[in-house]
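Structure record follows, encoded as C-alpha cells.
In order of appearance the chains are A, B, C and D, and numbering begins at 1 in each one.
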Amino acid sequence: MPSQRIIARFHHTYPDFSLDVDLDLPGRGVTALFGHSGSGKTTLLRLIAGLQHTPQGFLSVNGEIWQEGARLLPTHRRPLGYVFQEASLFAHLSARGNLEYGMRRVARGKAMDRAALDQAIALLGIGHLLERRPHQLSGGERQRVAIARALALQPRLLLMDEPLAALDLARKQEILPYLERLHDELEIPVLYVSHSPDEVARLADTVVMLERGRVMAQGAVGELLTRLDLRLARAHDASAILDGRVRDHDPRYRLTRIDTPAGTLRLAQIERAPGERVWLRIQARDLSLALDEPGTSSIVNILPARVLALEPLEEAQLLVKLGAGADQATPLLAHITRYSADRLGLVEGQELFAQIKAVALME
Amino acid sequence: MQTLSARIDFTRPDFRLRAHLRLPDSGITAVLGPSGSGKSTLLRLLAGLERPRAGCIRLGEHIWFSRAQAIDRPPSARAIGFMFQHYALFPHLSVAENIGYGLARGRERQRRVAEWIERLELAGLERRRPDALSGGQRQRVALARALAPRPRLLLLDEPFSAVDASLRQSLRLLLQELVSENDTSAILVTHDLEDARQCADRIGVMIAGRVRRLGESAEVLADPGDAEVARVLGWPNTLPVTQWAGDEACGTWGRVRLSRAPARAHEVVALLPDGPRPGAREGLEVEIAQVIEMGAYRALSCRLPDRTPLRLHLPRALPCPARGARTRIAVPPECVIALPARASVRFNHWSPHP
Amino acid sequence: MMVSALQPCAFDAVLLSLRVAAVTLVLFVVSGIGLGYLLTRPFALRGLLDALVSLPLVFPPIAIGFFLLMLLGRHGPLGAPLYAHLGWELVFSFEALVLAAFIAGLPLVVKPVQSAIESSAREMIEASYTLGKGKLETLLRVVIPAIRTSLAAGLTLAVGRAFGEVGITLMLGGNLIGETETLSLAIYNRVIEGDSTCATWLSLLLGGISLSLFFLLRRLGRL
Amino acid sequence: MGFSDADLQAIWLTLRLASLVTVLLLLIGTPIAWWLARTRSAWKGPVGALVALPLVLPPTVLGFYLLLAMGPNGPVGQLTESLGLGLLPFTFWGLVVASVFYSMPFVVQPIQNAIEALGERPLEAAATLRAGPWDRFLTVVVPLARPGFLTAAILGFAHTVGEFGVVLMIGGNIPGETRVVSVQIYDYVEAMDYGQAHWLAASLVIFSFLVLLVLYSLNHRQALR
C-alpha cells in the first residue's frame, strides 16, 4: 500500500541553525536518524513527536496526517511512543505506575489492555522491577522501563532519541539485546536517533544521515557506512561493515573462517555455528596496503583489491576506498599517510593487496 | 626514579583507611572499588586535602607527609595535578586563565598556555568562560589545567563519570597519550571496570578502606587473589567450599574438579562463565532461571541446589535449555579457580618484571 | 527641590537612615563573608549559629524587637551591666537602629554567600590548593571572585531591608522624633499626624532608593 | 497571668487573616509562577519584577501607596465605593489585600523555582503518554513540585503572621477588625505592660519556631535561599 510511508517535510530557520528536510521513510522496520551532535536529528524527532513546532510543515504517518501547514495534532493526540535519552520516568510513581500512566489515558476510563502491558513487561524483562521507584533502579533498568512504557501504549510509531547514549558500556550491552528483539518482533515503524555507527549497523534497516539540518543520504545500512563522500568515513573510527557467514572452524589453530563478499577472512575462533550469519567490522586504521602479494607476513588476512577513490584527510592523511571481492566492488576503507601513498604511487583503479590487521565481530 | 610510596592510617568516625603501597613513576594506575571503599579518600590523602592520622607519604626524595618527622606539606607544595569529578573549573576565569592559573606569571606562562590549548584542541575557545563550554571541552580544560604546572603525579577522581559514554572512550585515549608524553604518572579513581581495562597499566582494588590487590593490569584481571577482589573485578560465580577431596571442591551447591589440587585448602572456587556447558550426564545440578539473548551468546542465570545463582555464557550455536528446565552442567577443570575468601593484606609493593 | 521640600518635614530622618545604611553596609560586607564562610566549615555549634542567623527570615520582627528590648534595656540582663559599668545605654540610640537593621538584613547576605561557597567554591578552593596556591591567594583570586555576584545581590537586598525595617526599629529605637526616627518610621508618623504632603515626598524618596536597589539586583541577575 | 480577651481576639484575627491570605496567594500565585517559570515572553521580566518588588520595597512605602490607592480619592477606593463595598483601609479586607501584595514573592518564588527545577522533560514525557495540558499539570507538576508548594504555603503564612509595617499603615488598630498580634504587642510595649507583651511575644516566637522547624526538616537549602 503506498500510504504505508512516513512523509516528513520541515523547513525552518532557527536562530543558530536551519532545518531543511524532505523525507519519505518506510512505514515499517527500524530507520536510524544518524549524524553528529548538532546535525538536527533530535530536532527532527521532536518535530515528528509534536514536542516542537515549525510554523509550516507536513507530516503523515502511514496515511494519517499529523501536521499540515500550521495545523497540527498536539503531542498527546498522536498515537506514538517516545523514548528519551535519559529515561525520564516520573519520580513520584513506581515502575508499574509509570507503565500504567499512559495506558490509562489510552483506555479513557475503560479497562486497560492488560495483554499489551504484560507483553511489554515480558519483552523488556522487567517483571521483577514493577514495584520499585525510579531511584531504586539502575540506569539500564530505568531505560528498560521507559521503553516498556512507550511500547505498552501500542503506538503506531515508536520514536527513540539515543536511548543508549547516557549509559556506560556494560549497561549498553544489557539493553542492546532487548532492542534487537524489538527489531525482530515489532510490527510498527521505529525511528531511532543515534550517533553510534555500531548501534546503527546492529539495529537499523534504513539509515538517514543528517548534517547541519539537511539530509545527506538515505539508504540501506551496509551501503551507507562506507560511502566516501560522507563525513562518517573520515571519522577516526571509520570502518567497513561486512555481512558474512561462518564457513568452518579450524580446531588446530583455533581459527574460524568466514565468507564475506570481500573474500574469506580468518578470525580467532568464535563460537558460532557454520552457516550462521555474522557482521564483521574492519576499521580503516587496521588496513594497510601492499603492491605485491606479501610472501611471508604475520598478517593472516590479505585480500586483493582495487583502489576506487582517494580522498585527502586532515594534514598528512589519506582515506582510500577500496573495492574487494569477485567484482571488486565490496567497499573497504583504509587510512594511510600521504607519505606511504606517494611511495606506493597510488592512483585510482590500481590493483593491490589489502592487509587486514584486525577484524572485529560485531556483537 | 621517583617512586611514590605511602603508608597511611586515616580515621573518621565511621570509616578507617589503611594503605601501604608503592608505585613507579610512569603509567596509569586505576583504583577500583565499590562506592564507600575509600578510593576517593585515598586520592585526597595523597593530595594533602585530607590529613592521615599516622604514616608517611613520599615521592622519590620528597617527603610529603610524615607523622614521625612532623612534616605535612600542604597540597600546594606537593607538585601534584588533581582533576576533580566535576572539574572545579573557575567560573570567573577564561579557558586560558584557568589553564594558566597554576603557572607563575610572565611570558613563559603565555607560551605554555598556548601550547596546552593547541595540544588539547581548544583553539578558538581561549576567552570563553567554563559555562560556555561543552562537557568534553570542560574536561579537556580541567586536564590541561592539572597538567600545565608539570606535576610529578596526576591524580584523577572519577574524571569520566560526568560525560556520556561516547566521549569517555576518546578521553581515555587522550589521558593515556598525555601521561606518556608528559612523562608523569597518574592514579585514576573509577568505579567503571571498563576504564581500568582500557587505559590502566596497573590496577589497584580497594575494599573497606584497604588496598587489597595491586599489580599489572593483566595479572590482576587474571588472578584477583581472593574472592572479594574477584567480585569487584566482575567475576560472577564465587562459590564457598566446605570440603576438599584431593582436587575436588565440595559445597552445599555440589562438587567440581580442578585441573590440579590447590596448594592450600582455599575457601572459595570461582567458575569462569564461558567454559561450562549444560546438558551433561554428570556435573553441577542446576535449574535455569532466565535466558537472556546477548547477541553472540546467551547469558544463562541458573540456580544451584542451594539456590546460589550461577551465571553462564553459552554460544548461540549450542542448544540452549529452556527456562525452568533442570539440567546438569559439565564444568571443565580449567574453568575452576580456587581462591581464598579473603587474602591477608600484604604490603602492596609494585615491582617491575625482571 | 526635593531637599527643600523635605527640609521642614523630615530631613533629619533622611540623613539618619543614610547613616544607618552606610554603617550596616560595612558590617554586612565583613560579617557576610566571615559568617558565610564559617557556616560552611564543620564545628560544634554550627547548627545553632546557622539557626540564629536565619531567625529574622521567619520570626516576626515585632517579637525579635521586643526580646532585644528586654535583653538590652536598662534593666535587661545584658543592658543592666552595660549601663552600670560603662554608662552606655543601647536602646533608643543610633547604635540601636544599626543593630536593628543589621539583624534584619544579616541572613540576606550570609545565606547566599554560604550557599555559593557550599555549591561551588569548596571544590574550587581545593583545586586552587592543588595548583600550588596558598590560602590568601586562594581567598583573593578564587573565593571572592567566585561568590561576588551572590555577595553583591545579598548586600543589595540587605541594605534595602535596612532602609525599610520597621518592627525591630520601632521596638529598639523607640521612634523618637529627631533622634531615632528613620525614614521608614517617618512615613508612618507623618501619616498618623495627617501630613500627607510630607508623607508623599518621603515615600517617593524611599521608594526611589528601593527601586534603584531593585534595578541593581536585576542587573546582577538575581531577580 | 494568661491571655486577655483582647489577646485571644488578636490571635484569632491573625490566624484568620494568615489562612485566608495563604489560600488566596496559592490560588493567585500558582498560575503566575507557572507562567513565569515557562514563558519566553518579553513580559516575563517586568511581571517577575513586579511580583518581586515587595522584597525590597519598604513596608511603609508599600503601605502608604496602598493607602492612597484604596482611599476615597484613589482608583481602588472609588471602585469599591461605587460597588457599594465601602472603603478598604482600616478594615479586615484592607489587610487581606495589602498582605496578599506584600507576601506575594514569598509564595510565587518557591513555586516558580520548583517548576523550573522540574524542567520541560517530565511534561514532554507525559504528553507522549497521551496526557493533555490540565492532566499534565495535575498528575505530574503538582506531585513533583509538592515541596515547592509546601514551602510557599508555609512562608506565605509565616510572613503574614509576622508582618507589621504594612498592617500598621493600612489597618490602624481596631480591636477585632484589624488589631493583629504584632500590633497588640506593640500596644502593650507602648503602655509599658511588659508582662502581657511577654506572653504574646513568646507565643508568636514559639509559633514561628515550629514553622522554621518544619521548613528545615522539609528542605533547608531550598527554603532559605
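In this text, a contact is a pair of C-beta atoms (placed from the backbone, for glycine too) under 8 Å apart; a residue touches a chain by one contact, two chains touch by 3 or more.
Nothing here was measured: the structure is a model prediction, and the numbers come from that model.
Participant: So which chains are sitting against subunit C and subunit D at once?
Facilitator: Common neighbours, subunit C/subunit D: none found.
Participant: Among the chains here, which has the CA centroid at the largest distance from subunit A's centroid?
Facilitator: C
Participant: Centroid from C-alpha atoms only, then distance subunit A to subunit C, rounded to Å. What do you get?
Facilitator: Whole-Å distance between the two chain centres: 61.
Participant: Please report how many Å separate the Cα centroid of subunit B from that of subunit D, as a whole number.
Facilitator: Distance between chain centres: 54 Å.
Participant: In whole angstrom, what separates the CA-based centres of subunit A and subunit B?
Facilitator: 31
Participant: For subunit B, write out the residues touching at least two other chains, lowest number first.
Facilitator: Answer for subunit B, listing residues that touch two or more other chains: there are none.
Participant: Assign the assembly's chain-to-chain touch graph to one of these shapes: line, ring, star, complete, other.
Facilitator: Basically the chains close up into a ring.
Participant: State which pairs of chains touch, listing all of them.
Facilitator: After working through each pair, the chains in contact turn out to be A-B, A-D, B-C, C-D.
Participant: Which positions of subunit A touch subunit D when the two form their complex?
Facilitator: Per the touch definition, subunit A meets subunit D at residues 49-51, 74-77, 80-82, 84, 86, 88-92, 101-102, 105-106, 149-150, 153.
Participant: Show me the residue ranges of subunit D that touch subunit A in the complex, using the header's touch definition.
Facilitator: So the residues of subunit D touching subunit A come out as 121-122, 124-132, 135, 139-140, 143-144.
Participant: Mind pulling up the subunit C residues that touch subunit D in the complex?
Facilitator: It is residues 51, 54-55, 57-63, 66-67, 69-70, 107, 111-112, 115, 156-157, 160-161, 163-167, 170-171, 183-185, 187-188, 191, 199-200, 203, 206-207, 210-211, 213-214, 217-218, 223 of subunit C that touch subunit D.
Participant: Please give the residue numbers of subunit B that touch subunit C in the complex, ascending.
Facilitator: Subunit B residues touching subunit C: 47-49, 74-78, 80-82, 84, 86, 88-93, 101-102, 145-146, 149, 155.
Participant: Which residues, counting only subunit D, touch subunit C once they are in their complex?
Facilitator: 45, 48-49, 52-53, 55-61, 64-65, 67, 155, 158-159, 161-165, 168-169, 181-182, 185-186, 189, 194, 197-198, 201, 204-205, 208-209, 211-212, 215-216, 221, 224-225
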